[in-house]
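Two complexes come next, and they have one chain in common, chain A, joined by chain B in the first and chain C in the second.
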Partner chain A sequence: MNTPIVQMSSVSKHFGSASVLDRLDWQVLPGQVIGLLGRNGAGKSTLLECLLGLRETDVGTVRIYGEDVRHLSDATRARIGYVPQKCDLFEWMTPRQMLDYFKALYPRWNAAKVDALLARWGFDPSMQDKAIGKLSGGEQQRLSIIRALGPDPDLLILDEPVSALDPVGRRDFLRELIDSVIENGTTVVFSTHILSDLERVALEIAFLKNGRIALQGQLDELLEGARRVDASGGTAERVRVAPTSLEELFIEVTQ
Partner chain B sequence: MIAAPKDLALVWRAALAVRHPYAHAWVCFLALLAALCVGALALLRVAGAVDALLYGLRAGWAVLVFAWLMYFISGAARLNTPANAVLVPRMRRSVLRLMVLAWLSATVLSALLALGSAVRPQLVFLAVGFWLVVLGLARSSSPVRAVAQVMLPFLALILIYLPQAWRAVLASPAGFVAATVLLLGLGAWTLERMFPQGGDHHFQQRAKEKLALDRISAEGLFRQPRIPRIGRRLYQAALRRDCERRDSGALLMHLCAPDGLRTQRCLALLVMVAGAALLMPVLRLRASAGTIEAVANGSWLFASTLLFVPLGDYERRLMRLAVTRGEQGLVKLAPGMPGAAAAFNRHLAARLLRAGLAEWGACSAAVLAVVAITGASAEILWMQACVCCLTLPLLASTLRDHARHSGAAGWPLLSALLGSSAACWLAGALATRYLGAQTMPVAALASVALAAVVVAWRWRRLAGAPHAFPVGRLA
Partner chain C sequence: MTTHPAQLFSITTGSSEPIYRQLVEQVRRLVAAGQMAPGDGLPSVREVAQVLALNPMTVSKAYGLLEMEGLLVRQRGMGMRVAERAGTRHNTHERAELLRPILERAALEARQLELDPDTVLSLFTHILKEQA
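And then the complex of A and B:
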């Protein structure tokens, strides 16, 4: 049996009187590609930040590769890649300077992959010498993804990584994610609102509702199961519209 | 209420609220306070109640105009976005009317308040009018903004040292009318620069204008330091070197001071010392013996103000940390940084402390060099060295629980500095009284001891504090 890479046990997090995570239990197994879904303000970003130790939990424990997230070893941190929701990327530096900065902080850095991604994703030499603050939102997000992929992470946490990308950028990113990351057995946790992208990438979906993982499973099984539940309804008048797409399932589960 | 005054009142409140929700109340309160304080002082010093009332009114009016301008101009400029300028022309019109109304009332009332004083009302009218126009220009998006910003502090000096003959010309009917026409023309031109009508140029200027307006506040000044080209080059060289060396401490400091602050600061101090070294021989050749002696004896007073420079640097660094929380999350996850909270906190604290100490050393050296160049006696030099030591406890402010605190320390930091200096001076005074020792050396020693104790205490506390990054997350 696989040992979970990420293990969250009875995690609670409050902001003032508002409860964001409520005794949440969650596991991520090696090689899983999980799409994390939830309504705005459901706590997806907070969950991912708590998972990475960027926020303290009020109660509960979080372990990554068996280590308490508050005391992660250098080796474990070197295996994690993170794309935050907001691209805060040293806006006074140029893309090249920022990547060199992180290269200096990681023992393993795939410079060839970074260069190839820069070239493929439209970062020509002139753009690489431009201050990051002057790049567009989409360009900054692409750069943030390149930065996260630089150390060849084994666990990739993506917090709405494609929200600022145009359709072409999204397609390039998803292709990269499938070809170079998922195919290599990297574990991916991916939060997004663009369900069509999630359907292309994630095999497994987790819904966050009321501070807990309300539903998790293989995407196909969840959709099939939802149909079965509706088909077993009572009289014809009381039968609801059966959820047939991820969007409908999202609405059903999160409302 | 009829439409036009209603519009004006609405724009007035909206513009003030942009900067601070209670700006209106603050401005009125400060004006009242100034009027009462100055009026009461005048009543104590000047016998007549009418005179005291006039002094109070003048002080209240001066605060009202000044504070209102600080809030209103920047707020009104922010309301007049390129989109608003095109899509809500009535708002732009109201802003312009309000500005004209305010300029007129400020100048006319200032002139009326000068009645009965030694200053001629015509000159007050022109002085206030030109000052308001230059201030407006300095806050505008016009390319001449930089010139107005440089001129602004010297405007008062120009008015004070204006020759008597010129004053007489300006106060004469013909001179006054000519100057007023010039003022009106300049005012109209400035209004167009302050509130553009939209269009591409307005969009382009908007970013520059926003930056200029942000820099009016201390927070904006610390958050967005101006980086000269030479400073940027130095910073890039330092970043390249630190990346090549994989020096995690130095890389950490790139979060705090992207403007290469320390190098720039050292350069500025060197230029200042060199300037003093060049100026003094000229002064010795041209000035009288009395002037040279006054400069030598009084230079410490001017030089001591430089000791507040590290205070600004600490604040700037804290503000930089407050606005780079996103980057801090990424840095925290990087394996090149110490992982455990205690180790990381001390790694950060050691770097901040080192930077603070270096800045204090550089400023103190510059202060002593300037005082020495002016030909101050050994006694003054020694006293200056003691004064430099009085600011040492400031170093402890860098060692704070960043997870629970973020942003500039503000008045508490300044109060702590003044308090510690006063306490150390008191210790020196007591030593003089009871032990016969010299006050300043004892005060300096007390300061060094106090700095050591507070730094050691705060250093120990860091071990138990939560991980510093991202700062302010537990505030």
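And then the complex of A and C:
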């Protein structure tokens, strides 16, 4: 039951002389909903891309569902949904063409859910015939989320999924995420700077700093002041500090 | 006996009080004040999660704690209800004690703002009358 879905071991990644990930170890367990936090440029997108095998690591291994991420089977690939930070949708296609294309790629595709989301999230017939490149940033992001949810993924990776959405769009997205977690027990990893959204859905938060996971824990416990810190001998020790808001915690941990 | 809607609850993000704890405190206050009567039904975990856009586990955690302290009882197939003897045991003093956590927070901020007690108390008195 508690075999990690994602296992990253000693992963390093450089861009030129800049070290982004530095012997990073990380695990994601089944059913976890983890918020990934870090300052701008901390390497959250690089971490998620390495996790998914979209970027080669310099050193270290990444395994998803027990398979080396460099050689994922089609069956495992089909269990993963990903919403990238920058929309990588096919700009010349219409939303309908793009979704039909992805539908054909996946063994499992929830067409009823996709149609319901399109209707609920304002994709009326005229918009479904427009080229994706002509849609607004928010519309493209919503489409990207619909595409990722289409195959009913078991593991959902979201990189700043709501950065282009207005508050109503964000709330719609959160509700959909909550539904998905309720219905399917989906494991979710998402990075965001919108702490209020994170508080609503993430049970666990992880901070990326200096190329490693600097702090991870249950959100409630962290807010209530429980910390596990590395004592000098390298053993984990539990300490209590004053209760804090997530924003204060973010500033304290990442600075 | 009524079943209360999920709109009964409201939570704030950005607080140092975790969301599950906010829900726990709200139920305690509503029961203590008699707005929730013994036997009343609570909205389902799923409903609260949907309406407030919260992870259902957070709502479950709040309900579970309230069940452990005897304020709520789980009824098979019917969800959570307010325990029969829940409403009867709170006198004024006990009800006032429920305000303590939130007032301690306010006191902390008042000290940080270097406000003297009289100023804070007169403001609080004013707010109390304003709402009534």
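Keep this in mind: the second predicted complex is superposed on the first by the 233 of 255 C-alpha atoms of A that agree within 3 Å, B and C clash if a C-alpha of one lies under 4 Å from a C-alpha of the other, contacts with A are read in each partner's own complex, and residues count from 1 in each chain.
Just so we're on the same page, a contact is a pair of C-beta atoms (placed from the backbone, for glycine too) under 8 Å apart; a residue touches a chain by one contact, two chains touch by 3 or more.
Every value quoted in this text rests on a predicted model; they were computed, and no experiment measured them.
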Partner chain in contact with A:Leu219 - chain B first, chain C second, else both or neither: second
Touched partner set for A:Leu37, first chain B, second chain C, both or neither: neither
Touched partner set for A:Val181, first chain B, second chain C, both or neither: second
Contacts of A:Leu143 with chain B and chain C, given as first, second, both or neither: neither
Residues of chain A touched, compared between chain B and chain C (which is higher): B
First (chain B), second (chain C), both or neither touched by A:Leu135: neither
Chain B/chain C common contact set on chain A: none
For the chain A and chain C complex, residues of the former touching the latter: 33, 171, 174-175, 178-179, 181-182, 195-196, 199-203, 219-220, 223-224, 243-248
Of all residues in chain B, those that touch chain A in their complex: 227, 236, 239-240, 242-244, 246, 248, 251, 254, 258-259, 324-327, 329-337, 339-341, 466-467, 470, 473-474
Touch list for chain A against partner chain B, complex: 49, 52-56, 70-75, 77-78, 80, 82, 84, 86-90, 92-93, 97, 100-107, 147
Contact footprint of chain A on chain C as seen in their complex: 13-21, 46, 49-50, 52-58, 61
